[in-house]
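Both complexes below contain subunit A, partnered by subunit B and then by subunit C.
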Partner chain A sequence: MQGTPAIYEFPPFFTKQINEQTWAAQKSNWEKICLNYCKGINQWTLNKNSPVFTNSRIQRTLPAPVILELFNHMVEDGTAAWKIPNEEVYVYIKSPHLLASELVSWTEATGHSGAVITLFELTNGDLSGLSSFESLDPGILSQVLEIVFKQGNATEMREDGEVVGLKLK
Partner chain B sequence: MWRRISLTISKTPTLQDNEKLRASEQNVCLYKGNQGSKYKKGWIYLTDHRLCYVDDDRPEDYSIGLDLSQIESTEYTAKFVRSSGKITLALRHDQAVEEATVDSTWVCPICTFSNQLSKGFVFGRSALPTCLNCGVLASLEAIQASSISQPSPAAIDSQSKETVCPRCTFSNHPSLVECEMCGFLLKAKTETKVSLGETVKLSFRSGGSRQFYGKLGEVLEESKETIAQTSKTSTPVLDTDTMAIKFGIHSIEEAANSKHVKGDAVMVEAFADLRALMSRAEEVIKLVEAYGNSDLAISLGIGTSISRETASGKKTFYHQLARELTDFFDSSKILSKEGGAMTLHDVYAVYNRSRGIELVSPHDLRTAVELADDLGLPIRLRKLHSGVFIVEEKLYIPTHERLVQWMSRLEPWQADTGVSAQDVSNHFGWSIYIATEELESADLKGHLCRDEQPQAVRYFVNQICVPV
Partner chain C sequence: MRPLGLAAFDNERSRKKQYQLVGDALLAGNIEQMNSQLAKFKQLLANFALEHGRQIRSEPSFRNEFARMCAVLGVDPLNYSTKNDGGSVWSTVFAKDINDFYFGLAVRIIEKCRETRGSNGGIIALDKLLSDLNKGAENPISQDDIVRAVESLKPFGPGLHIENLHNGSTVLVNVPKELNRDQTNVLSACEALGYVTTPILADNMGWDAGRGQYVLDEMVASGLLWIDKQVQPTQYWSPAAVM
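Moving on to the complex of A and B:
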C-alpha cells in the first residue's frame, strides 16, 4: 500500500494493546489509515476482509474481533456507519451532510436549479464538478438524498416505488 | 568504657568468632547518668560478650559497644505512665584512668621479688597483697617504702611531651597519630573510646525492656560462670595424697566425693569428643568457605541465625530477620546471581535451606522483607501485577526503564522482531517467570507494546503512543 505511515510497518500495531492509552492511540491511527485507504481507491465501504487490515510485508493481519472494535470506534466517532451490523461499514470519506451541501452549492453554482437528474447520472461521473458522487455507494447516496429532500432543496422522483432521480429547486 | 564498633552492611554489629547475638531491641536511648547524650535513638544488641548500640540516623558515627565484663551491676526500672522502661548499668571504675595513676611496685622483704601493686589498691583500706613469688603477705612498711616511689620528673616530662611507640620504642611527637618510624597506630585506641560516665541508662521507648533485662541478666550470669569455670580448670583442686590418711565417716564421705569427681571426669572425657566434633565442624565450615563454594556453604547453614527467642518483641524479630536476610544475600550473592530479583517463594526456599534449623515461616519472611525498605536496607519487596511478590535489589532506575533502555539499544534486526521473555531472561539473568511478569507490567503501563503471535508474545518499545 502506498502512503501508509511508518506505524503500519510496526508489528505490535496489528495486536490489540492492553494499555488503555496505547489502545486509544492505536485505534485513532487505524481510523486515519482506513479513511486514507478508502479515499485513495474511492471506496465507501470496509469489511473484515479488506486488504487494508493485512500487511503482507511484515506478515501481520489485524484479528477480526479487533477490526470490529475499530469499526465500533469509527461509528462512535461519526466517520463510519454500520451497513451490515458486525460485518460491513460505510466509511464516510465525506459525511452525508457535507455531500448534501455540496450538491446544493453545485446546483446554485452551475445553474441547475429546476433541472432533473437521475441517480445514474449522479454516480456515473457524467456531471462535471460532482466528483464526490462518483461511484458513491447507493446506501450513502440515499442518506444524502434524504437530507436534501428534508431540507427542501429537491424533490424525489419515483418509479415503481423506488427513487430514480431528483428535481432540483 | 564504651568503644566504637564496626558494622556489617545491614547496620548490625560485626560479630567476632564464637560471638552470638542474644537479644536486640529498637528505639533505645542512652542516658549519661541522668542527662541525655547524643545517642538518642537506635538499636541495642546484646551478644555473649558485648552490649552494642547502633544509631538509627548515623550508624557510622554513633555506634558503640561495651564489654559485658565492664558492667558492675544492673538495675531495672519498669515503665511508669509516660516514663519508658529503663535499665541502669553501673560500670566498673574506669581502668584507663587507673592505669595512668597506679604504676608502682613493692619489693617483698623476704625474697626481694618486686611485685606489681594491684590496680584497685587503696592505701590503708584494701587488704594487703601477697608476694607473687614466695606467697608471703606484704608488710605495710614495704608498700609504703616502695609504692610511693613516683616516676621520676624526667619520665613525667618525656611522657607528657612524647609518645613512646610500643612496637619500636621510638619517641614520637605527641600530636602524631602513627609512629614515625614503624607506622604503629599510637592513638587509635584512645580515639575509639567513648566516655559516658560511670552509670548509663538505657531507655526503651518502644517497650521490650523487661525481656531485654531478663536476657541481660542471663548473659551476665553465664559470662561469670564461664570465667569461674576457666579458673577452676586451670587450677585443679583434686588432692589425692591428703585423702589417703583420713579415716572414719569423713573418709567415707571423701570416698563418695571422689567417686563423683571421677564420674565427672568420665563425663568430661565423653563430652570432650563431642566438643572436638564441634570444633571440627567449625573448621569444616572454614574449609568450605576457603574453597569459596557458596552452594556448599549454604547447604551447611549460616553460623549465627536469629530466632524468635534471641529477639525480644515481635517487631524486633522481623527487623532482625530482614537484616539477616540482607547479610545472607550479601554473602551468598544469590540475589545478584538471579539478576537482582527473586520470587518470594524462591527466597523462602533458599533461605530456609541455608538456615537448616529454626526455619522461618512464610509469613515471618514476608513481614520481614516488607520492613526492609523502611529500614534502609538494599532490598525490597514488590508485588507484581499478577499478585506474586518478588524480592529485588533496590535500584534507582525502575525496571520498565531498564527494559526500555536495553530494548532501544538493540541491533536493528532484533529491534524489528522484538524481544521475548526468553531474551529478557537471558539478558537480565531473571527467571523466565519474572521476565514474563516484568514485560507484562511494562506493557500494561504502556512503556512497551505487544505483538501476539501463535508461537509467543514478543515485545517492542512503544511506538504507537508515548506514555505520559
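Moving on to the complex of A and C:
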C-alpha cells in the first residue's frame, strides 16, 4: 500500500492499546488509513478480511475484534455505515449527501435537465464528469438516489417494481 | 604613638571607617564604570538586533550566536520589562524579533504536544519534533531554538521540559508528572531497537521479570509505551520517535 503514514509500519499499531487516550488516537489513525485506502482504489466497502488490515512488511494483522471496534467508531463518526452488521461496512469516501449534490450540479452544468439516465449508465463510467459514480456500490447508490428523490431533483423510473433509472429535473 | 587602653578601640573603629569610605568610593567608581560600559554594550547589542532583526529571525546559526552573545552580557533576550512606560529598549527591539520568534515557536511546540499526546503519551523525540516543525518551513529552526523556546515557558511550571536520556538522545516531556528513574531507563533502552521486552530489561539492567513487567505495565497504562502482543515475548515500543 502506498502513501501510508509512518504509524502503519509501527508494529504495536496492530494491537489494541490499553490507555484510553492512546486507543482513541489509534482509532482515528486507522480511520484515516481506511478512508485513504478506499479512496486510492475507489472501493466503497471494507470487511474484516480487507488487505488494509494486514501489513506484510512487518507481519502484523489487526485482530478481527479490534477491526469491529474500529468499524463501530467509524459508524459513530459518520464515515461508515454497516452493510452487514458485524461483518462489512460501507465506507463513505464521499458522503451520500455530497454525491447527491454532485449529481445535481452535474445535471445543471452539462445540460442534462429533463434527461433520463439509467442506473447502468450512471455507474458504468460512460458519463464524463461523474467519475464518483463509477462502480459505486449499489447500496450507496440507492442511499444517494433516495436523497435526490427526496429533494425533488429527480423522479424515479421503475421496471418491475425496481428503480432502474431516473428522470433529472 | 599608639593610644593605649579603651581609646585604642575607638581609634581602630575610626580607621576602619575611613578604609571603608575609601573602599566604597573606589567600588562605586568601578561599578559606575562597569555599568556605563555594560550599558554601552547593551546599546550596541540593541542596535545590532535592530539592524539584523531579519537575519536573526531567519538564520538558525546567526540566531544561536546572537543568543550566546546576549548570555555573555547577562542580557536575557526573552525577558523584557514593560514596567516603564512604553517599555525598555529591549521590549521595543525584541518584541518584534526575538521575543515574537521564541514565543511563537513555543506556541507551535505546545500545539504539537497537544496534537500528539494521545499517541505518544507526552514524550516526543527532539529530532522528530524538529523535523516536524521544519516540514515545509521557509526559515528552518534549530534544536537550540526549541530548547530556548521551552525554557521561555519555565514560569508556567514543570509540565514541559527537555530530558536527556542516557544514550545521548533528547526528548521533550510534556506530561504533568516527572518521569522516574526506571521510566527514563526504559525509554533509553528503547532507543536501540525501538522496543524493549522483559528479557531485554533483565539482561541489560538486571531487573527481574516482576520489576520489569511492573514498570512496563505502568508505562503502557499511562500511554508512554505501546504494547505489541503479536510476538513472543511481548514487545513494548516507544512512540516518541514515530508520533
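Keep in mind that, in the parts below, the second predicted complex is superposed on the first by the 169 of 169 C-alpha atoms of A that agree within 3 Å, B and C clash if a C-alpha of one lies under 4 Å from a C-alpha of the other, contacts with A are read in each partner's own complex, and residues count from 1 in each chain.
In the analysis below, a contact is a pair of C-beta atoms (placed from the backbone, for glycine too) under 8 Å apart; a residue touches a chain by one contact, two chains touch by 3 or more.
These numbers come from a predicted model, not from an experiment.
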After the overlay on subunit A, what do you see for subunit B versus subunit C, clash or fit? clash
Thinking of the overlay built on chain A, is A:Ile18 touched by subunit B (first), by subunit C (second), by both, or by neither? both
Classify the contacts of A:Asn49 with the two partner chains as first (subunit B alone), second (subunit C alone), both, or neither. neither
May I ask you to decide whether A:Ser105 touches subunit B, subunit C, both, or neither, giving the answer as first, second, both or neither? neither
Can A:Ile7 be said to touch subunit B (first), subunit C (second), both, or neither? both
Overlapping segment of subunit C (options 3-11, 57-65 or 219-227) - the one that collides with subunit B in the superposed model: 219-227
Which residues would you name on subunit A as touching subunit B in one complex and subunit C in the other? 7, 10-15, 17-19, 21-22, 24-26, 29, 60
Spell out the residues on subunit C that touch subunit A in their complex, using ranges where they run on. 117-119, 121, 195, 220-223, 226-231, 235-237, 239, 242-243
Please give the residue numbers of subunit A that touch subunit C in the complex, ascending. 6-7, 10-15, 17-19, 21-22, 24-26, 29, 59-61
Please output the residues of subunit B touching subunit A within their complex, sorted ascending. 416-418, 443-446, 449-452, 458-460, 462-465, 467-468
Report the residues of subunit A in contact with subunit B in the complex, numbered from low to high. 7, 10-15, 17-19, 21-22, 24-26, 29, 60
